[in-house]
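Shared between the two complexes below is chain A, which has chain B as its partner in the first and chain C in the second.
After this line comes the complex of A and B, so read on.
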């Protein structure tokens, strides 16, 4: 405060009332460098309450015994017991592998379909405006609805997909898609890609709008064909947007068990068991919140590492 | 190097006609400037020459070859865009060499060509940078480098200097002229800056509303503009238009105007058809002086604007404002009566109805 009194333009208070007037004090505070922190305080409090506290609570849970169906065990600190169990848990390792397959394949498929759709819709042809809205429809469906809808369409006895494939001649008999370990994962990935590719379409379309058309004119004169233009101009210019979209989708895919929960519940066997699903089942079927918490912390760490490595590798920050 | 001819080129967007029946000829090694106000179709014409836009009719012939259906990359042209259109994710080196890279020129040959172009434009020290790390003038040079490195038959420039500040614009203008003298490649250059047009062009096409108003060398455009639009568009301050009636007085011609009569001597135009009819006399500000003489205009001084080398004086001649460019020492008093001597050999007479120069092009 004494510093601020020396600032040009501020004069000493004339009366005691003026000296303790809140307006005067705020006015003086706003001239100091602490003002910034004061302004940040409300949002910092809010973030602490709704983000930081639950996260930290979840983390400390992973170091405790917490089985709701075994109150006799108490809820003491158990240090790394859950993490040690995880290392020796074959289901964890299967889930980890399945998560990698699930996330990678879904992202690649969603990105490719999303990119193609965005490029097609970016042309100024009649009807593309309407199509652009229609193509976003899958993304508007909640995962649960999309999951049940596809479960019905892929149903072994009355599903429309079997019927169609049979009529076209691609199948000779009805197939139980989610009963076979190899087709279960593939079918789930296709449903996921169908549901989420519009996310990529939307972001890529926004990115495409930002690329000056002069660049393509210049490239045409320079002799770059359509593929070279895509590879050397469009994709590099979309790099930041694609990186952001991939990170967001990976986080979504790693964290949400809902689609797989509805389509396969992790089966047949453990063939579509992913980490998020395992943690979910651990918490809400086995009521073992301690172990579920540990699984979540591992996912959290993986995601942090992934995001960090991805941003580094894609060099998004360098321009 | 190549000639360029444009024959009856038209362009419409739906029912909107943007270019109507454009005819142009450019000799080998010439410098054609397309000059006109915003929206008159200059960029559209350039895009049609480049093949970036299809025309709605007519032919584009480059070096004797009709290229209507030829892809831009096979027209052997290079273009510099107003926005420069540098590839933001590539280094300057790769930007300049991109056309060669796409044409599968070997790396060694490409690098030496890029180095040569960079040296010519004094940007060798910038080759590793990205366009985002360059100033406007440097980007401009890189865009030029990308154009010259391929040694095309024809350069197309779309307002390449309009994003630069005034000083840099003058510098780059000189540079472009030097480059053209050195390379000898034909150029089509779009601008709405008449000084660029006059200084650079071997030929200037003045356009308005998708129509070429006049196609001639800069001197002809300046001294004998085909109509009042061209006359008014070129020159700063703009040409004065003095309305009056043309009468025959003994052997000579006289323009009777609201505040007297201007004796017209040395007129080159054939104006016999307009004797006794209203005409507009186009008088350039610099063809007037503060001295007396046979052909004079009288009026009161309205505004005096010293610009340094000259003094612009606006004189009210019978209600019509006439701007004269006088010497820096001529500082008439405001409101004073003043006599302006007119070099009437430089006067152009226009038909007030059509706006055209009487007697057509000489």
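After this line comes the complex of A and C, so read on.
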């Protein structure tokens, strides 16, 4: 193989076998002007097939009647029926509010813990390498296992966290964290923060490496304290990377209902029902694909608006 | 003056250690607790007096999980799906990453942006049409279908991450090979890929972990034993068995073991790749 690859494209083939050798043909193809596009073709086709086509399909679905369990209703166009239903659907508004709480609280918590962890790890003290592995690990664990671990620890009858809080005196009796509408969301946010704060740590650590140390030396000479340095040097220098991290995390939090699906399924009541979960249940339980599609489209539009506004705002602040 | 500075440095060092150690305990605490639960005897799990340091150990939960549930089949299915996903990404994604990294052509920036933006598309919006399409072409409830569905969010990630590693490989060696008469594809396979080997492995591991862990697509696109993956099966056990904590813990431990090992091995290169991909995006 390596010999045929080694062949210069211009040399004429010696034998008939060499002339029709696929390696030779590909080698020659790689010298043409369109080579870079050919390399992109397979992945572009695949992404078109599994991302773009389904998305467009899903969008047109949101304007049709499409109920898998009610074939008698047909698949006719219903224009904005699903969107009108959404405006009058109290669950939609509850989900929207819960999504806002879920996303903002998780992001704030993850960013703060992520930043503190990154600042501590960035000092490169002895032993940091091992601690970094342990601290980054949760991000790579599956949602299902993360969910079960915490469900086990927060269990109302045998949860270790209940027992610890009881021993410290913060609780008088075991608490059913996920069964109480006032604590279910908070408990879920803590699990989410545990799972994903390392993402911020990862990105902020990379950003910290890029800040010239001279800046801190100069600040030291000027007598700036640690918090002044954080506020005046570190955070401004990290602006782009924080913006990127926030956008990526917001996309993840808005789009994936996994963790809430595992922990609470939106309950108790509707206290942890978020938009993505509502859309998923509309499709998976009620088989109402049209309405589920409409909910997803609204989610998608919100995300696009958010990303656009956020990028603009962080750019404006930089100037 | 010098004394206070070294004094405050010591203070910050102590504070840093305190933060790192507390965070490390919080991060691995749940994993350790789950492991302890998986080797406890049933009475020590379901008890009013919390057993922090079990004195009796048993592998009953593991045995029960392996023999009485379909877990071995689920793990096999997950292995197949994960391998297929990595294979598809390698075949289609590595050449795309190479193209983005090495050539300057019309529409390059726009295309790269497009590979990034597709990550913004809600999974739920894609899953429903994928479900319908796959049902029509007979790929529903198959490992191949699931692996193809996974590429929807993993292939763009793969391309971006790998492009970062290719960018880091020096272009001079490639030029030298080209002067020596190598074709473009020859230079790619014999020069660039061997140099970026570590990055390639790390990218594959990252994609493999994500595919191995995935829950939502698997839940929607698989319906039977034949292709169901372990996260879906583990979740189903909650309803299937009474008080399945021991088994759930055992299943969790079995399935995160490969993740922990792979992560520990390639963590440094992988971390660099994730950040490179995100920073430039």
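Everything that follows uses one rule, which is that the second predicted complex is superposed on the first by the 267 of 319 C-alpha atoms of A that agree within 3 Å, B and C clash if a C-alpha of one lies under 4 Å from a C-alpha of the other, contacts with A are read in each partner's own complex, and residues count from 1 in each chain.
Throughout what follows, a residue touches a chain if its C-beta (ideal position, glycine included) is under 8 Å from a C-beta of that chain, and two chains touch if they have at least 3 such contacts.
A quick note: this is a predicted structure, and the numbers were derived from the prediction, not measured.
Colleague: Is A:217 in contact with chain B, with chain C, with both, or with neither (first, second, both, neither)?
Modeller: Once the two structures are laid over each other on A, A:217 reaches chain B alone.
Colleague: Output check: A:230 vs chain B and chain C. Expected answer is one of first, second, both, neither. What do you get?
Modeller: neither
Colleague: Once the structures are superposed on A, label A:57 by its partner contacts, choosing first (chain B), second (chain C), both or neither.
Modeller: A:57: touches chain C, not chain B.
Colleague: For A:299 in the superposed arrangement: first (chain B), second (chain C), both or neither?
Modeller: In the superposed model, A:299 contacts chain C only, not chain B.
Colleague: If you count the residues of chain A that each partner touches, which comes out higher, chain B or chain C?
Modeller: Per-residue touch count on chain A favours C.
Colleague: Going by the contact rule at the top, pick out the chain A residues touching chain B in the complex.
Modeller: 212, 214-215, 217-224, 228, 232-233, 236-237, 239, 319
Colleague: Quick one: in the complex, what on chain B touches chain A?
Modeller: Residue list for chain B touching chain A: 47, 50-52, 71-73, 77-79, 81, 83, 85, 87-90, 98-99, 102-103, 130, 132, 146.
Colleague: Which residues of chain C touch chain A once you look at their complex with the stated criterion?
Modeller: Those in contact with chain A are residues 12-13, 15-17, 19-21, 23-24, 26-28, 30-31, 33-34, 37, 45-47, 50, 52, 88, 91-93, 95-96, 98-100, 102-103, 105, 111, 115, 118-130, 132-133, 148-149, 151-152, 155-156, 159, 181-186, 188-190, 209, 212-213, 215-216, 219-220, 231, 234-235, 245, 248-249, 252, 255-256, 259-260, 263-264, 267, 271-272, 274-276, 278-279, 281.
Colleague: Enumerate the contact residues on chain A facing chain C in the complex.
Modeller: Interface residues on chain A, with respect to chain C: 2, 5-9, 26-31, 35-37, 39-40, 42-44, 46-47, 50-55, 57-59, 61, 113, 116-117, 119-121, 123, 125, 128, 131, 133-138, 140-146, 148-150, 152-153, 155, 157-158, 160, 163, 194, 198, 202-203, 205-207, 226, 240-241, 244-245, 248, 251, 254-258, 261-262, 276, 279-280, 283-284, 289, 292-293, 295-297, 299-300, 303-304, 307.
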